[in-house]
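Structure below; questions to follow.
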Amino acid sequence: MALKVGVIGTGMIGQDHIRRLTQVLSGVEVAGVTDIDLARAKSAAPAGATVYETPEALITAPEVQAVVICSWGPAHEAQLLACIAAGKPVFCEKPMVTSEAAALKVIEAEVAFGRRLVQVGFMRRFDADYRRLKRVIDGGTLGAPLMYYSKHRNASVPEGLYTSEMPLNDTLVHDADISRWLLSDEVSAVEVRVPRRSTRGRDLRDPVMVMLHMASEAIVDVEISVNIGYGYDIRGEVSCENGIAALPNRPAAVVTDANGIRQAIPEDWRERFIEAYDQEFREWIVAAGAGTATGPSAWDGYAATLVADAALRAVDSGAREPVTMIDKPALYN
Amino acid sequence: MALKVGVIGTGMIGQDHIRRLTQVLSGVEVAGVTDIDLARAKSAAPAGATVYETPEALITAPEVQAVVICSWGPAHEAQLLACIAAGKPVFCEKPMVTSEAAALKVIEAEVAFGRRLVQVGFMRRFDADYRRLKRVIDGGTLGAPLMYYSKHRNASVPEGLYTSEMPLNDTLVHDADISRWLLSDEVSAVEVRVPRRSTRGRDLRDPVMVMLHMASEAIVDVEISVNIGYGYDIRGEVSCENGIAALPNRPAAVVTDANGIRQAIPEDWRERFIEAYDQEFREWIVAAGAGTATGPSAWDGYAATLVADAALRAVDSGAREPVTMIDKPALYN
Amino acid sequence: MALKVGVIGTGMIGQDHIRRLTQVLSGVEVAGVTDIDLARAKSAAPAGATVYETPEALITAPEVQAVVICSWGPAHEAQLLACIAAGKPVFCEKPMVTSEAAALKVIEAEVAFGRRLVQVGFMRRFDADYRRLKRVIDGGTLGAPLMYYSKHRNASVPEGLYTSEMPLNDTLVHDADISRWLLSDEVSAVEVRVPRRSTRGRDLRDPVMVMLHMASEAIVDVEISVNIGYGYDIRGEVSCENGIAALPNRPAAVVTDANGIRQAIPEDWRERFIEAYDQEFREWIVAAGAGTATGPSAWDGYAATLVADAALRAVDSGAREPVTMIDKPALYN
Amino acid sequence: MALKVGVIGTGMIGQDHIRRLTQVLSGVEVAGVTDIDLARAKSAAPAGATVYETPEALITAPEVQAVVICSWGPAHEAQLLACIAAGKPVFCEKPMVTSEAAALKVIEAEVAFGRRLVQVGFMRRFDADYRRLKRVIDGGTLGAPLMYYSKHRNASVPEGLYTSEMPLNDTLVHDADISRWLLSDEVSAVEVRVPRRSTRGRDLRDPVMVMLHMASEAIVDVEISVNIGYGYDIRGEVSCENGIAALPNRPAAVVTDANGIRQAIPEDWRERFIEAYDQEFREWIVAAGAGTATGPSAWDGYAATLVADAALRAVDSGAREPVTMIDKPALYN
């Protein structure tokens, strides 16, 4: 039996997930959609899907077995709490919530419910390259990880719309989450350094260098550049006691011509992570079909919120800003 | 509506395709199965699938909309002709058939039917690396392809069961098909040379070197090695007038340790081509749902049969053995 | 006419340079040697070379046209000043001197002399890989350098003899010098962070992470690891406004076997930099033959001293330690 | 004491070797030069060198201890025989001689003399990449070599001056020599195939595919392309029983920009092999100083001549043309 899913939010990312759920993946169907713009919801609704007038109506509808949240960030808290109240598995796009207090409410509700229901959309954990990298580290032959270098290089950002807070508030969460997961570790403090600015971004604070001090004392050394022009270039390298493990080049054809011997770089995040998004939902469907959730949890969403907050404090203070988490509920072990 | 598929042959490859059709892919369901061993068919049948006593019963059953043939090669001819007679789209594993005469009968029947129904299981055409390679060549900036190097290196073959004809009869078809497709060309003659034998294979004629002389006069230079021990290592490189394009390394983590800076090699064909098999069926489902077929055709199966026959003649004669095809029916353009 | 050279210090590095000057390079001969251990000097002296009883005697001997200093660091100041007093070109191994005051005296003397005489032994600047990297950056198509990543990974250090100050005092100078040279920039401040320690080094502070804040505001991000076991692994990557440029893998054969597709890593600094040492002297011989010096100067030795001092302060303070240089004399432009 | 060398032939390659002997290498000086054009010889002669009126005068001059032959090919036979008669070590550029009969005369004379005096200019054997490749193969862990792929791709040839015989007569000798050396084997037969021609070369037979059948039955599979435009691209890959070993990419900076992640290709043979030429002479100087020769021998020159002859026959006949050598004199073991 196919899992009947309701989708909240039918903007760009919501439409992409509807396409994925209806055209790419098996064992799932989109039973309902909603959006603050009901006309947009109607136009995005696949054949046979009900258009609900509100998120609450969708979440509580008996034919909706699981929910996908693609609304804007400030709406997530109430929608997640409603899903938990209804006992329904929910996939929530980043950011899970927009404040520490909201994150704690989601955790509290889920812990009270007693079973994981929430999966947060950190798709990198489902990327085959990152997974192979983690298997090498977890395999243990290289010894403990001591440094992790995460390069996050984005082709371009819209001038005017994109502000200097965004690399630390929106972009860094991917590096922070993948670092916590790769190293099986938590962030205990954050420092930010601002190198020479790229003239491509005019007044933008770009690039930024972020140090995540981990509980193990490993240091995660992040470069975020958002205006490199040449493509979308994500790299990761773990320095361990006995060796190094790194993400490979993307698998483009090896061309030799007047430009040298070379492989193309992805154009954007869609090209880079399209299979990761598919796999993310494949695993969500299996877990949601069993009434629960797997992968990145509310705890991971909470951690991401704290790291972003600390990074924003650190860029202002120039100091080492601590990240202090509550004791980890057993539900998240 | 999901496409209702009947599977003929529930051996290892049939079971793997049933898994793929039921657990991986969307828009399809396995409605029926059959096998010469009915007990095996029953055990392999997914929930809700009918077990048919004969291939003919499965093919003509009203609830079977499309057929997947995974029986042994000599049975394919009759089963393909029955599918065409029934007007049903059919996916057929390699070899399409086992003689030139049989291939011509399938082509004749399909041409008489007037629409493509047959897709042959040359899965490499669905592999993302080969597709990117073809895009580079078709893009034209490198000029015409003059040489194509296809290295087909297999970890091991079962001693005693594997004979010296097999590299030319069973293995070469993959290199021949992918070469015809990459170069948009046909094979016009075949030569075989036998280098120093690997002691790993004892009396086996291994490796073999095959030259496919193409209609364009490009030469495809194939190495088939079936006992290399270290893994399954498929490589391809096209020398063009203005440059070279090659398959990249497989995307394993880049590990640096006492063994150097290195990337793992796939263990076997399953690991190497698993995504290609998924994609092959994804595209087949779409075409079959529309009542037709796409990808490798009966014409391609016919070409593969001729190349294998010529290669077997060439290894005995030491000479250049011509490949002579009938005029290509318009259906296959 | 061959340049007649006197070598001060015939320990391991002195003997290696004597071998290089007599057996590898053209246009040079070793006319004299000396050492605090005269027996060692005699045994190291090539045929035809005079053994001098003191550095002063060697430096002032009429047949010695140029001097190579391979004595221990604290002796360099007096020997350099004597060379400058004698107006003789001098190659001086690292460290140029061991205090800021001494560095300033050497600079003052050389500036008073009015022509460059001193070349300091920062051999990386003569390495072909670093030179190609610099040509790319200087070419300008990638835009301004914003971050430079320098990974300095050493196989092992002698337990007990090697202390936690050494990575910052002795090893970092190579990364600092090559960074100043690659980026055509000066260091303005230093920060040090200490990640999780490698258990391979027991109590050793290893690895260390160093940030060199450059005058341009570019940040140099250094990892020094001295006990990685698997080899000697030097990497460098420059993030520029429009692209990245990095050192390539070392040119080992590409082997594919059960350990993957791989290239060996150098065992030690000798294997890695042997051609750089040769080239360093090739260029020194030409300049010294013309009565002057080229390459790394007393100014560069002074900068290295200041960076090491600042790094040692920074590891204790945890703060950003400024590097304040005198105005650069015109001689060094 | 420096080895006193006489250089016969002061064209482009002779001038380059004079530069190398006087400016790059140690332990050698150019004592004499000669050329059929005496004005050119005078202008090329370094300070202190005598200009001889004839090769014979140079070869027999008492102050000439060893000879470098850079004249045109047809003159080599007489000059080599004169050197052997004079008992003087001689470095001879390719081709050693231009006929089998001439090669046999040189061998006969050297064998009668009783000590090796002749080194032939196959510089690839002195290239560090090829040497590392040979060490891997000789190391034996990969098992016996079964196939060797040698790609010889040249940027461009002068239109009109360059004929279709040249790839087989002049260019192939490098691939043949390096194959014999890498595999420690002899060529027993040659086949040539002519693929689709590159339009870049108009009527030129380009590329050509050559198979060298070795005594061990290993096959060397050569591609010679002389008009690829994009650079000078030499590749080599050995397929062994248990693994593969290949030449690495040339050590250019790894640049990432809008053209992808890439390394530059050498422009021409000078850039590719400049260090190999230096090393070739370094080793020759040592051997010649000891009154003998090392590296590629008259036997190797003889083999090259036979392979070129067989290749020219094979391109006409389309058949497998045998290479039949005399019994190898003990001098060459």
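Read from first to last, the chains carry the letters A, B, C and D; within each, the first residue is number 1.
Throughout what follows, a contact is a pair of C-beta atoms (placed from the backbone, for glycine too) under 8 Å apart; a residue touches a chain by one contact, two chains touch by 3 or more.
The chain lineup, named per UniProt: A, B, C, D = Inositol 2-dehydrogenase.
All of these numbers come straight from a predicted model, not from anything done at the bench.
Between the contact lists of chain A and chain B, the overlap consists of C, D. Chain pair with the larger contact count among B-D and A-D is B-D, by C-beta pairs in contact.
We define each chain's centre as the mean of its Cα atoms; on that basis chain C and chain D are separated by 38 Å. The mean-CA centres of chain B and chain D are about 44 angstrom from one another, to the nearest whole unit. Chain centres here are Cα means. That of chain A falls 58 Å from that of chain D.
Among all residues of chain B, those that touch two or more other chains are 229-230, 233, 242-244, 249, 252, 255-258, 263.
With chains as nodes and touching pairs as edges, the resulting graph is complete, every pair of chains being joined. Taken together, the chain B residues at the contact with chain D in this complex read 143-147, 149, 151, 153, 193-200, 207, 209, 211, 214, 216-219, 221, 223, 225, 228-230, 233, 239, 241-244.
The residues of chain C lying in touch with chain D in their complex are 22-28, 128-129, 132-133, 135-136, 141-142, 242-258, 263. Of all residues in chain C, only 229-231, 233, 249, 252, 255-265 touch chain B in the complex they form.
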